[in-house]
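Order of writing sets the labels: A, B, C and D. Residues in every chain begin at 1.
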Amino acid sequence: MPRLAYLGPEGTFTEEALRLLEPDAERLPCANVTAALNAARGGEADGAVVPLENSLEGAITTTLDEFAWGEPLLITAELLLPVRFSLLARPGTELPHIKRVYTHPAAITQCRAYVARELPDAVVVSAPSTAAAAQEVALPGSPYDAAIAARIAGEHYGLVELAGDIGDRSDTVTRFVRVSRPGPLPEPTGSDRTTLVVFLADDHPGALLEMLTEFSVRGVNLSRIESRPTGDGIGRYFFHFDFEGHVADARVGEAIAGLHRICGEVRFLGSYPRADGVAPQIKRGTADGEFAEAGEWLARVRAGQV
Amino acid sequence: MPRLAYLGPEGTFTEEALRLLEPDAERLPCANVTAALNAARGGEADGAVVPLENSLEGAITTTLDEFAWGEPLLITAELLLPVRFSLLARPGTELPHIKRVYTHPAAITQCRAYVARELPDAVVVSAPSTAAAAQEVALPGSPYDAAIAARIAGEHYGLVELAGDIGDRSDTVTRFVRVSRPGPLPEPTGSDRTTLVVFLADDHPGALLEMLTEFSVRGVNLSRIESRPTGDGIGRYFFHFDFEGHVADARVGEAIAGLHRICGEVRFLGSYPRADGVAPQIKRGTADGEFAEAGEWLARVRAGQV
Amino acid sequence: MPRLAYLGPEGTFTEEALRLLEPDAERLPCANVTAALNAARGGEADGAVVPLENSLEGAITTTLDEFAWGEPLLITAELLLPVRFSLLARPGTELPHIKRVYTHPAAITQCRAYVARELPDAVVVSAPSTAAAAQEVALPGSPYDAAIAARIAGEHYGLVELAGDIGDRSDTVTRFVRVSRPGPLPEPTGSDRTTLVVFLADDHPGALLEMLTEFSVRGVNLSRIESRPTGDGIGRYFFHFDFEGHVADARVGEAIAGLHRICGEVRFLGSYPRADGVAPQIKRGTADGEFAEAGEWLARVRAGQV
Amino acid sequence: MPRLAYLGPEGTFTEEALRLLEPDAERLPCANVTAALNAARGGEADGAVVPLENSLEGAITTTLDEFAWGEPLLITAELLLPVRFSLLARPGTELPHIKRVYTHPAAITQCRAYVARELPDAVVVSAPSTAAAAQEVALPGSPYDAAIAARIAGEHYGLVELAGDIGDRSDTVTRFVRVSRPGPLPEPTGSDRTTLVVFLADDHPGALLEMLTEFSVRGVNLSRIESRPTGDGIGRYFFHFDFEGHVADARVGEAIAGLHRICGEVRFLGSYPRADGVAPQIKRGTADGEFAEAGEWLARVRAGQV
């Protein structure tokens, strides 16, 4: 039974993601993303589950920066978790009683319409996390009447769900990843994703275009690009890339070897099955068999067998 | 005397930026970036000053998203402000007395070495902003002995600077912009920057490469790219671009008209003098005179005068 | 009634092309391509018809070089003429009598199978042109029994067609163009072609890729590229391009103005209706209306109306 | 002592090239390029020397088409031969006697100024080749008084050089290649050239740009591109490419394997030392060592050793 660290406390969306990814794992809640990743790095846990990006809020920059700068880890799985907020209260509390609501600022933003409609007179106060809000509301003497949090937080802290799925949008999603210490990669499945961090060798005009060309010329489709500051002043960035395919695929391998040649540093963050199961469109001439055939042809040419 | 809204409260780095950009402006502190921009949008202020990115923390995503989705505003100036943290205390407090320090989490991260060395026994507590921390510390009965904040915050709240420039890195910089309601653009200076937001028409493979090619083929150099989620699910992004030159420049105009043709929506966020005063290298064939000459040649060709 | 010079003598495939292009024109046969073009340049004729390329032999390099270096002319029409060879003899000659055949080397190559099968014992001798061969065979004392030439040559010189369409391939085609002195261009038809000559400014690596990018970024499809030596040593070339569209089209105009900016010299050779009548696929964002709309948007942006 | 076929008859520029390339070879003059290449193919000769292009006339299309369509041969050497025309006559002939000059049309064009100045009253008649002209002039009863040909033709046929280097341009050059039946390639020298023929898989817009990108992305510089008709109608072409480097170079190998994957057919025509001895500028990231290092990095990544 693996032991997995995650962004705690108990009752976070991350815990929900972990339970879906690894129902049988032992769970180790950590205070923040760095602590969860360090637990995996140091061996206290066998791996970790952390959020990478959210369809409304964007990248979780702490995660990106940890992956770029910290001790190496490999992503071995991803999960897309719909973000469903519940209104949670101590047993016995009813909707009309609720005057003070406690939750994370992102939830405040994302549940604005529900609160305005159903709790027009309530004051909403910022909490460090939705799970922490639920934890606080569960205390008998809490100044707050309700929390907005994941349903799982209610289960943990003994709160009742007064309303479910109260977000303004029903399609908000957070992408979580499971990471492990470096080791054998997940096998290619035909529907894989690869994640990289790339530091430029020198920040010349056209450097980004050159990087993208290394992908496009081998028919590798990008699915995400994020720029992050290197810390060396405004205008100096490094890049996170997600793209279709597994590093074991010939086209992916040649593309990232190309990046490795022209860039300052390429850090491989993993190849793993796509959560959406979509298989990539493989452009003519870029399938593994075509790479193999071309390699054999090249060998013959080099031997003068034309 | 213009009236400018800014990210308050008094004593923030944003106030410092505003004072450098517009020493004589009347200053209107606002609770957050959105409020400051809304003050400018609504006419309560003539403009606003807000942070756009930091060389350690990266983009200020609230600012990016406000520029992309909110009522249009134009950037008319930028400023690069070195981030210098001061240790501020009530008069009479001395270094050995300091047991509890209050500041924003970013300052906690960035002043880690100083605190470990000079205040090894102090507890550091998170505040909503560095200026709010100073404001709190200035209260006679505050539970905190010192704040880490901008020197300007000490001046505002009557605190004494016990130590200056206590950040671990001396080269951290925040980029601020001044925005106004739409109107005549700043004149080109020969050292300008232009900022855009671009939404894809359809998210096909190679869409980003196509956008970058619209710039590169006209010799326009990108200086920043940020992807942000559209809100419509993981894998759907829009882009912020900064690039060299002024929209009045022929090469810039043709490039962004090209983007406008192939993309879903292009939102122009302004052309304004670069804070660093660097003039771009203009690639052969892309100067205004060369565009004008080519236009005359084309007119002759179309008239059959070859 | 226009007077058109052409590559003579009477009875050439070029005459056939001219008659199809301009049935009512007065025809002025000339000794070679240069003479025909000079007749048009000097005013002796109103224009000229010359071959540009053949689907088996390739470019007619004299024509390419005349267009590149000579006094400017504009292509105003093109024609694709199937090349059909006939075996022509003096009246009374029958197939078994034919011992000596006279024709141009290209016809020798292209009618090899027929001659081997039907005239296995005949000697085939090289003539300067197929029409000259027919002219010679028509002389009563000619040492030759038959010519291979265009049927039209038989009509001119009083020869009888013993066999028609005797080429090994039935799909050989020659492309002819009609040229005029510079003047108003043919109107766009929606199915046009444009021809250019481009001299590089400096022959750096990637120069050709840059030129092709000027086309591709505006959705202009090339249909032909020919390199020709500049005369300044091996490795120095200039280029002929044919591409879809009319110079009056916005995308074509912007593309060739781009070439004009980055190249040493661009010589426009004309925009004219395509002989095959095929309308181009217009890539999203590159239609005239989209260019116009983008231009209006850019004007508003430059005026600060966002 | 190798036996080399060449484009004859004796006294051609090709013979001169052969003697410079292989001073000790036995020489087998052939009637035309095809015959010379067939002698090499069939084993009658160990190889052949043929012209490939001329700095004024351009490509020798027969050679290009033989290389593309005929039984495979490999280029093993190249030579750049300055084209120097001599005025050659039978012993005893003096300049004022010369009334009829015999030579190849290309020589007529290239010696126009000399003839106009020194032989203003002479008639110049077209010959099948310069060497054939010299051969004819050497006959006692020849109707011609002089030939314009290579000096070597005078030596062969016993003619006297009345004037040397009489071309209008002194810098005209012909590029010759030596070919052999397929076998081990010449070793890389650091200053090599590679020649290919490429047939498109399907003639879609942008196909040429894609091919050039396969080269440019690996830092391989093209030095020549020629389009030739496939024979299947106007608008259908295949391509000859010359580029810097040897197929044993990693960057060249990967580039042509890329072409092989995306194109219909790639025919390798050889890697051989450049006649000019110029070493290529190797772009950052494309040296053999950098490819090897990237390959090792990729192997580690695939093994999960990050």
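As a convention for this text, a residue touches a chain if its C-beta (ideal position, glycine included) is under 8 Å from a C-beta of that chain, and two chains touch if they have at least 3 such contacts.
Worth saying up front: this structure is predicted, and the values here are computed from it rather than measured.
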Target chain D, source chain B, minimum contact steps: 2
Neighbouring chains common to chain C and chain D, by label: none
Centroid spacing, where centroids are CA-atom means, of chain A and chain D in whole angstrom: 58
For chain A paired with chain B, centre-to-centre distance based on mean C-alpha positions, whole Å: 26
Residue list for chain B, restricted to those that touch at least two other chains: 213
Complex contacts: residues of chain C adjacent to chain D: 53-58, 61, 80, 169, 171-173, 175, 205-206, 208-209, 212-213, 216, 221-229, 231-237, 281
Complex interface listing, chain A residues touching chain D: 72, 74, 182-185, 201, 213-214, 217-218, 247-248, 253-254, 256-258, 260-262, 266-268, 284-286, 290-291, 293-295, 297-298, 301-306
